[in-house]
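Below are structures written as structure tokens.
Okay, so chain A shows up in both of these, paired with chain B first and chain C after.
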Partner chain A sequence: MNESEIISRMREAGLGGVGELDTSAADPFVVIEADSLRAAMLFLRDDEACAMEMMHCVTATERKASIEVVYHLCSYEHHHSLTVKVICERPEGGTHDNWRPAVPTVADIYAAANWHEREQYDLLGVIFTDHPDFRRILLPQEWIGHPLRKDYIYPSEHGGIPLELDAIPLYMEGGEEAVAAKKAERPAGEPLNQPPSKYSARPDAGGKAPESSEGKVNNSRDSAH
Partner chain B sequence: MEALEMYTVDRTSDVYTEELRLNLGPQHPSTHGVLRVELQMDGEIITAARSDIGYLHRCAEKIGENVTYLQYTPYTDRMDYLASMNNNLAWSLTVEKLLDIEAPERSQWIRVLVVELNRIASHLIAFGTYGIDLGANTPFFYAFRERESIMALLEKISGARMLYNFIRPGGVANDIDDAWMDEVLAFCDDFDKRWDEYNRILTNNHIFIKRTANIGILTKEMALAYGCTGPVLRASGVKWDLRRDIPYLKPYDEIEFDVPVGMGTHGTLGDCWDRYWVRMREMRECTSIIRQAIAAIPDGVHMEKKMERMYKTPLTPEPGEAYMRCENPRGELAFYAVSEGGKSPIRCRARAPSFCNLSVLDKLLPGTMLADGVAVIGSLDIVLGEVDR
Partner chain C sequence: MGILNNTLPSNIATDAVDGVIGWGRKSSIWPMTFGIACCAIEMMAVYAATFDLDRFGAGVPRATPRQSDLIIVPGTVNAKMAVRVRRLYDQMAEPRYVIAMGACVCGGGPYVKWGYNTVKGVHKIIPVDIFVPGCPPRPEALMDGILKLRDKVGQDEVFRRRSDTAKDLERRYGMIK
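== the complex of A and B ==
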């Protein structure tokens, strides 16, 4: 089946919240409302004609007006695949510091989604509600912030050690001369393309914590020791 | 360690000892990198396991959002550093899909050649280190001898021994000549003889079979649910290979090759021995693919002329997104690049095969002995550079 046949089959089964197939991108995708995501995933997995037995990838993408959670599904039996998107609109004034979009988890439907969802939470701060093991996966548990968000500010120190951020933009308008000029006007010890932040990556280790409560992650692993 | 399936020890017949929390890694040779596995032990038996990753996190996806499309190719080398060619290929195909272009035909055949050579080199590491994990040191030296030849061959065309940056959007960096292809053919003939040697020294070794058969059994259902791909999935009896089923390069459509699957020869389907044996047989398929590719390689250009001009200014694909899957030695690597018309992607996601294959480890370990746990980790053949990115 191709994508449009899969979507019409989902509609026939009475699934709500299924949008139209968008064929503008190289890979066609369908937008599903967050409320009906779990029902749609269950249908895609268990329906004989769809038989999407593999959750290939879960990705969160930050755009200007929204954060999209993208699910790539595929079927080995029928050689077809489907891209499903859930779009979380950005609220007025929603930034890295105050906005965490929430999407229901599919980790109990596809076990593969478990680690992928943890990674997307870790790097982009998307909350997957009712996830069985919702912790950071790549960064330390006490890390503050979600680095793949566009307005993430690099920490100025880590564990009390100041970070000498020498982030040189690899491509700049104007070529190498522009980079050199930018480097020359930079005061010593100051990062090049990022304002120095007052935050520390690890407040537990003596750094300064930001005012939001994001840093106070419940670290169940440490308490178990 | 709540929320984990616990293996319950039979307190009436088993000897009961006090439970112990054990850290395997992050600095442990059997974890193949910096992987930490938190184990709950009842004597010699693992009752619960939890893997802890992220020690090698290098922000590859964040970097991808800050460099241009072409500048990102060398970063993909460093994800799965044992199969750099394959990673380059996956990224190049993603960018080509985003730009809606196709590489010239000759370059596609060159890509197949180098990618299959790299696949042999990668499986040789899996074979050699698996022997070391289980206490057999000799196969490692045999494996590295042949891997050295492959590295020398690839160095001749790319200039680098491990991190090639050879396959690029639009084609490959350099053309290859007939003398080089003769050397590759000579290597293939030599390798097929060595392959029999490996089987004599390790595959059919009685101790090796005892250590791996019936250990770490991964059922087909579990492998699919956890998103396992590549040899790990095929060893569980799923005959699926992207090269055969969704040929992403033209030559794969024309080349005849077999897809080895696990058969449970010495124990149960999907055990450690099956995973090992699938990799071993894949190496033979690789030499067969290389021979056919050399016989059929057409004349032409190795890089699209239009692309060469585009290299002088950064690529700016139309707004859109592309998801491209490739069959890597460790499974399906996929890149998901989202463009909004700028010089760099706004999202650059790598779906790493080792990441998904490793996620099943927590389920495979409970119930096995500690020494067998090492056999299970080795049989998954993970590269931590790719798990953590």
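== the complex of A and C ==
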């Protein structure tokens, strides 16, 4: 079956929230509402004519008005595939600090989605509700923020590990005295590392650099659910 | 006491002993079995038959930092890995040497601007003796780095005070200790 036949079959089965096929992209995709995602995935997996045994990627994209979660499904049996998207609209004033979209998990339907969903949470801050093992997968568990968001503020250090180009090394030739002398070279009051504003402004995202990094907690700490 | 404090004068006896010890050390460098990313593939090529690092006495990678003299850091060091690299370095016994292999380890490489997670050079974490740039460096480049390290190891002073000649060399070349 091609994609439009799969979608019409989903409609015949009485599944709601299934949008029109969009062929503007290289991979034609269909947008499904978050509420009916699990029912649609169950149908696509179990229906004999669809038989999508394999989910080979879950990814997410941040756009100006939304975050899209993209599921790539394919069938070994029938040699067809389908791309499913769930679009989470950005609320008014929704930023990295205060907005994390929620999508129901499909990890119990497709086991492969387990780690992929954790990755999307880790890097883009998409919450997958009822996920069996919901925590970060790549970054350290105590990491703050989700780095692939467009308005992410780059950290200057993590747990004492300097992450900036001109950070003062933890060890220098000459021992602690040399490190102290290097630190003393900086004017009083200036932070040890560069303020994150230097690298955080991304022109393509329309992101604005914060005026001052001092006294400002830019990224709220994560809490699952 | 003079040995411990490195304050023995430079004379024919201490020079000779230093020379022998330095020759022994540089001829049997034991690197640690340690690889992080793609540079490790080139490092393995250096150990293997085509390039055969054993010609220079450094071809037996040890599986524990306790037995190693040299840690080659091949690959991107990120925030999670930096803790481990530092711990492995701390576990090595003196004298210990570090080779930073590849662009990422020398200064961030392709992650220098948008690498939210990358340590921009392993010299931020541990002291580095030799930098080998490249993405990844050719095996010949790493071998050249190891040969330069051999020169450095051979000139270490174990028993005597640092001579004026050594300081002069250091000033001139920066690299020789």
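Worth pointing out:
In this section, the second predicted complex is superposed on the first by the 162 of 225 C-alpha atoms of A that agree within 3 Å, B and C clash if a C-alpha of one lies under 4 Å from a C-alpha of the other, contacts with A are read in each partner's own complex, and residues count from 1 in each chain.
The rule is simple: a contact is a pair of C-beta atoms (placed from the backbone, for glycine too) under 8 Å apart; a residue touches a chain by one contact, two chains touch by 3 or more.
What you see is a predicted model; the values in this text were computed from it and never measured.
In the superposed model, B is the one of chain B and chain C that contacts more residues of chain A.
Look at A:Pro155: by the touch rule set out above, it reaches chain C but stays clear of chain B.
In the superposition on chain A, contact of A:Asp97 is made with neither chain B nor chain C. Of the two partner chains placed by superposition, A:Asp47 touches none, neither chain B nor chain C. Contact with both chain B and chain C is seen for A:Pro147 once the two complexes are overlaid on the shared chain. Touch criterion met: A:Asp133 reaches chain B, while chain C stays clear of it. Once the two complexes are laid over each other on the shared chain, residue contacts for A:Asp22 go to neither chain B nor chain C.
The residues of chain A shared by its contacts with chain B and with chain C are 139-140, 147, 169-171. Residues of chain A touching chain B in their complex: 24-27, 53-57, 59, 61-63, 70, 72, 76, 79, 83, 110-112, 114-115, 123, 132-133, 136-140, 147-148, 169-171, 224-225.
Note for the complex: chain B touches chain A at residues 1, 3, 21, 53-54, 57, 59, 61-62, 65-68, 71, 97-98, 100, 222, 224-227, 238, 240, 245-246, 314, 320-323, 325, 332, 334, 336, 338, 340, 343-344, 346-347, 349, 351, 355-356, 359, 388-389.
The part of chain C that touches chain A in the complex is made up of residues 79-80, 82-83, 86, 107-108, 112-120, 123-127. Looking at the complex, you find that chain A touches chain C at residues 139-140, 143, 147, 152, 154-155, 158-159, 161-165, 167, 169-173, 199.
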